[in-house]
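Chains: A, B, C and D, in written order; residue numbering restarts at 1 for each.
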Amino acid sequence: MTTQAPVVDMTNISISFPGVKALDRVNFRMFPGEVHSLMGENGAGKSTMIKALTGVYPIDSGSIMLDGKPLVISGPAQAQEAGISTVYQEVHLLTNLSVAENIMLGREPRRGAAIDWRAMRARAAEILDGLNLDIDPASQLGSHSLAVQQLVAIARAIDVQAKVLILDEPTSSLDVDEVSELFRVIRSLKEDGVAILFVSHFLEQVYEISDRLTVLRNGQLVGEYLTDEILRIELVHKMIGKDIAVLSDLDRKARAPISEESEEMPFVQAIGLGRKGSIAPVDLDVYEGEVVGLAGLLGSGRTELARLLSGADRPDHGELKIGGRALRLRTPRLALKSRIAYSSENRRSEGIIEDLSVRDNIVLALQADRGWFRRIPRKRQDELAASYIQALNIRPPDPDAIVKNLSGGNQQKVLLARWLAVAPRLLILDEPTRGIDVGAKAEIQKLVSDLAENGMSVVFISAELEEVLRLSHRIVVMRDREKVADIVNDDVTVGQIMTLIASGAES
Amino acid sequence: MNPTVSKALKHRLFWPIVTLLGLLVLNVAVYPSFFSIRLQDGHLFGSLIDILRNGAPTLLVALGMTLVIATRGIDLSVGAVVAISGALACSIIAGSSDPNSPTTVLAAVGISIMLALVLGAWNGFLVSVIGIQPIIATLILMTAGRGLAMLITEGQIVTINSAPYKVIGGGYWLALPASIVIALGMFALAALLTRKTALGLLIESVGINPQASRIAGVRSRSIIWMVYIFSGLCAGIAGLMISSNVTAADANNAGLWIEMDAILAVVIGGTSLAGGRYSLGGTLIGAAIIQTLTTTVYTVGIAPEITLVFKALVVIIVCLLQSPALQTRLGSLRRRPVTTSTGGVLS
Amino acid sequence: MSIRTIDPTTARPKFVPSRRRFDLGSRYTPVLVTLVLLIAMWGVGATRYRGFLSVQMLLNLLIDNSFLLVLVVGMTFVILTGGIDLSVGSVVALSTMIAASLLRAGWPPLAVIVIVLVVGSTLGMLVGLVIHFFEIQPFIATLAAMFLARGLCYVISLNSISITNPFFVDMAQTRIPLGPGLMITPSVIIAVIVVGIAFFVLHYTRTGRTVYGIGNGGQSAMLMGLPVARTRVLVYVISGFCSALGGVLFTFYTLSGYSLTAVGMELDAIAAVVIGGTLLTGGSGFILGSVLGVLVLGIIQTIISFEGTLSSWWTKIVIGALLLVFIVLQRLLTTLRR
Amino acid sequence: ADSSTGAGDAPAPEDLIVGFSQVGAESGWRAANTKDIQAAFEDAGIELKFSDAQQKQENQIKAIRSYIQQGVDVIAFSPVVESGWDTVLKEAKDADIPVVLTDRSVDSADTSLYVSFLGSDFVEEGKKAGNWATEEFADADAVKIIQLEGTTGSAPAIDRAEGFADVIGSDPKFEIVASQTGDFTRSGGKQVTEALLKSNPDVDLIYAHNDDMGLGAIEAIEAAGLKPGVDIKILTIDAVKDGMQALADGKINFIVECSPLLGKQLVDIVNKVVAGEEVETRIVTEETTFTQEEAIAALPDRQY
């Protein structure tokens, strides 16, 4: 493999933003027919590297060679023409257009001068089929969940006959099935000689799919390794620069089944809570100090349920009791008043406030809860920001940094900080660890676990079943927007849950 | 480069201030004693004072507009509200037996301001409760409101003779024209309200991402409602000021196109019409630029035929100077990431 | 492992989920609602006023608003990208002035029209370039263009100029019969063609879809490799072109050039587009909606002139009130349909 | 009235319908004009269809079209602008509906399109103003004038400037030191005067295209500590009540009347037209000029 000439050869790449040296004389190369993983903590510079390669950011210095020729481009359009196809980290598609257009726009089939809509939909359906995704190509993209959008973005990227395919955290909200579907496609592209750049914080996936790794730390190159020749622990060490112990510490600590023992009423009781057109009526109890995990496939209705519990959507039947009292949570604000916080899976459209600083984003919910006139004193704001920046290791550790300039993972941490700051009694976390690096993920899991121990109830949704199992006292399995099982997490295995998800309660 | 100089250069109000100074210098060049301010009967007089006084209504309206724009809205009805409040106050005073009694004037002012608040609340209701796009919601009042003002005055100019009322737009407090004191007072109030309470943060957050703000528990509806009420209040006071300045209410022409001037002031001051971050200080400078521009046209003696061309050039120059894109494209060697004006996350 | 399965007897009735998270109803709902309300308005007018219920009255709506139809086409493009164009009214005025003064100087009519269209498009292009490359807010850039175009009118002439050129007079006075007692003008045909082309471009070309894409937030479209820069500049060229063409139709309509004409027409155009269901934030809307918006404004105007007893101020109040009723009904019906 | 009613057989006044399209309501003058016309037709027992074009020519064309469609007997209108009426006036002619112009004229080459034009002559007004100035300053060696223009591009502004310049232009001692638009409004007049007084403190005469701007100028002059009408002479056009009051008070020195009271004359014309009588194609409004004494005499029964 190494005997070949590299298809991408980036040397001495530097990019700096005001106050941050995002990339510092980094070298990076890719060979045809290999899957190359770019590894590093949140904010290490992975996405910046990708944006340098695709012309989104002009580089300050260094050179980029594609197929042995210097690559001079000024934007993604030209990168595409040069044969580089990219899925950017945050799903960057046009939510107001149809799924078909999002896949085909730029190379749409035509009849004469006009777009041939029928052919376009047919072709899109074919591509979606290749990913085993059964959605209507004519439907509006924005009506689908983030995971589906992510798959659509992937569909768009792999359909081009590209020399280089770049996937920046493509699997962050996909479930196991979807991931294996994606890997099948990646392998077949690899066979065709495409060079694939793969970024993920899931080490299993990296080890499963990639041939070679490049590790970045703080914008600097740590080294390039063959996947087979580096141990996980070594890799993590290289990424983080120090050992981490917490990772194993939390693993599979036996969970006391709180719900069975407790004499008390459950803190949250949902009785037949449902909403027409989105989720069938569900019963759900969450006790104080209990972590309830929601498991299910894409579109199984986990997010929908979370939204009903948190007042983000209004239920149209059923009842919700908080601490024994029936409440109608018509808005998230009322939920917040009952100390229920909801961290949305869609951090870009429902999470962070892009143009505000880290500090403002962290104090926002707390401030909204206190009302306009009881402004949190500046000193207190600074304390809050500083403590969460430290606790969650947000980088850069600058409370005045504008959130949209943070790396994806750090944005997620800021969002989490916002919800922790309101000291909720029920915290609903929808994909809270999406895009978060190994170290931080472990920290967050530990944090959730500690908070629960101190009496907070948590509803935890994650595409990563291991994570759900590791954290939850109880697991609710959803399928086709119905609750199909409610199991206590003692010695449950991923396999068992998968069977439940696949076949429902009948098994 | 000297660090303080380079810091000043980077300040986002640097270029607007330079433009303002440039215009003032142009005036001095044509008319050397432009800057002179004299004290006459304990009142300050001079061109600069005139600029401030005549710019006061625009500044007021622009203040309200700034907050509305920060929530991603726009208020086209301010001109109509200006006309209505002036018309109402003058009609009440003209109809009263004693136009010179302070109680009559206070009542007239009070009633007009109440009406302005109601009109603002009406806009807020259409935008935040019914969910009509701001430009159309306020267009309704823009059209009907001027009719309402004319209904009050029956299309005539209502001239009044009331010394206490005259103070608002033409009188003096502490040597300064009262209108300047009122406008700066409202400015301070707005600054205080948004800085010392959490309102500023919440307004910005609603303007940047209403959906995410809702999830975070922000009462977007009341906030939007409130900014329109504030804008109504500002326009109402401006209306009193304008009518008081000429001791007459002209329902047809009072506040005509003031919404454009106000929006222009806001935007020149660096606030984006896309909502979010706003700058009251910028609005202050913006309003000053617009009024200075008008005065400059008179002082320099620009022919009415080419006044608009001149204004267009100044507007475009100040905006280009401010444009970070131009600054990177010209001189500076430092390269900047490609971002589009619509912004977005670059993760 | 203890599994609490759900007892089939207590299981809720079978749930048939719709496939969408946010059931948007149809994207066409606002347009349909607008159409229905428009017809209702026509019906109400017909019961109140003699001569209202005639097909020719509807055709007159088109005749009297052909220039506005062309203007909203350009405006729709701009607003779909999330921009706005305040210069259209002044460009109309400038076009009438250029046309009238050149015709007076004896230029051939076709050359005059070409020059007007070139001037409008060029101004649009300059605005577009400034907006895209210097990241100046569209509101400001087009406001400056508005001042500039109006100022240029004054520079050309303060007085209004009549047009006596036979070709223009023909265009103004030709009536194309459509049937017994029915007729339209050439301007209507031009406007309909422009709307048709715009419809095609928006829905059947990549450029059109890119216009929608930019309205969704320019970042995504750019990262998808769509030609954002070119398209964004192009929409302002289109708008400039449409304004100039609207100006030409306006000269056909009034046979004169006048520097104070079409003041505030940009607001009419924006209102029509927004009434037609297009979001000012961009990315969502239809050209046919804008056409309906023009008809709504036109029918309000017609009702006012048929009413014929309103004083000047009641005219304004009633226009506002009708607009209000229309918008609120449209809004409520649209949400109900969802 | 129905559309078959030709111009020949004179119907009773109560059967008549007249359509009137007004420019707008942009000034007090215009509002008085509207009011007078409405009142006159009411007194005459003739139904008047009124529409306000809000300063838009296209609205006015639409209104005239709708009058044609409704089959009114006579159409009267004050054109927003002089040019561009041929098409719609031809339609009216084809429908046998006579048209009367008020206040402002049209520049059609085909004068058969309308039966009469009733209104003031703006150029003449400017000339009257100029004449007064030449008399008033007959003994002066040099006269510095500030001109407050009406809305740029509007017919009265252009014509009043032209008429004035025609008269004083022949005498080199008159110098217009500054000429700016005050948009026909008080605040416009005030702001312009305020600024111009600073750079031209030695001005002798302010010529304002309407009373309102003159009234604004008075405020500015007073604020500057000078005496309007004495230190600086003021000459305006219109003669609205507020202006007349100021003239009576000696703050304005001379006003050229531009009367909005066209109602009676318009009714007469309409009656003649439907009766098939000949009417003059140009009827100039009866107007005069006012000095301070005349103003004091006229004020008590001034209607607007």
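Basically, contacts are C-beta pairs under 8 Å (C-beta built on N, C-alpha and C of every residue); 3 or more make two chains touch, one makes a residue touch a chain.
If you want to know which protein each chain is, UniProt gives these names: A = Sugar ABC transporter ATP-binding protein; B = ABC transporter permease; C = Sugar ABC transporter permease YjfF.
Being a predicted model, the structure only gives us computed values, none of them experimental.
Q: Return the chains shared as contacts by subunit A and subunit D, ordered by label.
A: Under the touch definition, subunit A and subunit D have B, C as mutual neighbours.
Q: Averaging each chain's C-alpha atoms to get its centre, pick out the one most distant from subunit B (ABC transporter permease).
A: When every chain centre is compared against subunit B (ABC transporter permease), the largest gap points to A.
Q: Which pairing of chains gives the most C-beta pairs in contact?
A: The chain pair with the largest number of C-beta contacts is B-C.
Q: CA centre of subunit A versus CA centre of subunit C: separation in Å?
A: That pair's centroid distance is 41 Å.
Q: Based only on mean CA positions, could you tell me how far subunit B (ABC transporter permease) sits from subunit D in angstrom?
A: Roughly 34 Å separates the two chain centres.
Q: Using Cα averages as centroids, what's the distance between subunit B (ABC transporter permease) and subunit C in whole Å?
A: Those two chain centres are 29 Å apart.
Q: Distance from the CA centroid of subunit A to that of subunit B (ABC transporter permease), rounded to the nearest Å?
A: Whole-Å distance between the two chain centres: 44.
Q: Touching two or more other chains, which residues of subunit D qualify?
A: Answer for subunit D, listing residues that touch two or more other chains: 25, 31, 34, 152.
Q: Two or more other chains in contact with one residue: find those residues in subunit B (ABC transporter permease).
A: 150, 154-155, 304-305, 307, 338, 343-346
Q: Going through subunit C residue by residue, note those that touch at least 2 other chains and give them in order.
A: 154, 158, 219-220, 222, 311-313, 315-316 - these are the residues of subunit C that touch more than one other chain.
Q: Throw together a list of every chain pair that touches.
A: After working through each pair, the chains in contact turn out to be A-B, A-C, B-C, B-D, C-D.
Q: For a test of understanding, state which residues of subunit B (ABC transporter permease) touch subunit A in their complex under the given definition.
A: Residues 196-199, 201-202, 204-205, 208-209, 211-219, 276-277, 335-338, 343-347.
Q: Going by the contact rule at the top, pick out the subunit C residues touching subunit D in the complex.
A: Contact set of subunit C toward subunit D: 50-51, 56-57, 60, 64, 67, 100, 153-154, 158-164, 169, 172-173, 250, 253-263, 301-302, 304-306, 308-313, 315-316.
Q: Would you tell me which residues of subunit B (ABC transporter permease) are touching subunit C in their complex?
A: 72, 76, 126, 130-133, 135-137, 139-151, 154-155, 251, 260, 263-264, 267-268, 272-274, 304-313, 315-316, 319-320, 323-326, 329, 338-346
Q: Spell out the residues on subunit A that touch subunit C in their complex, using ranges where they run on.
A: The contact residues of subunit A facing subunit C are 56, 75-77, 79-81, 86, 88, 92-97, 101-102, 105-106, 108, 113-115, 117, 135-136, 139-140, 142-145, 156, 272, 274, 277-281, 304, 480-488, 490-492, 496, 500, 505.
Q: Would you pull the subunit D residues touching subunit C in the complex into a rising list?
A: Touching subunit C from subunit D are residues 19, 22, 24-25, 31, 34, 38, 49-52, 54-59, 61-63, 65-67, 69-71, 81-87, 90, 107-109, 151-155, 158.
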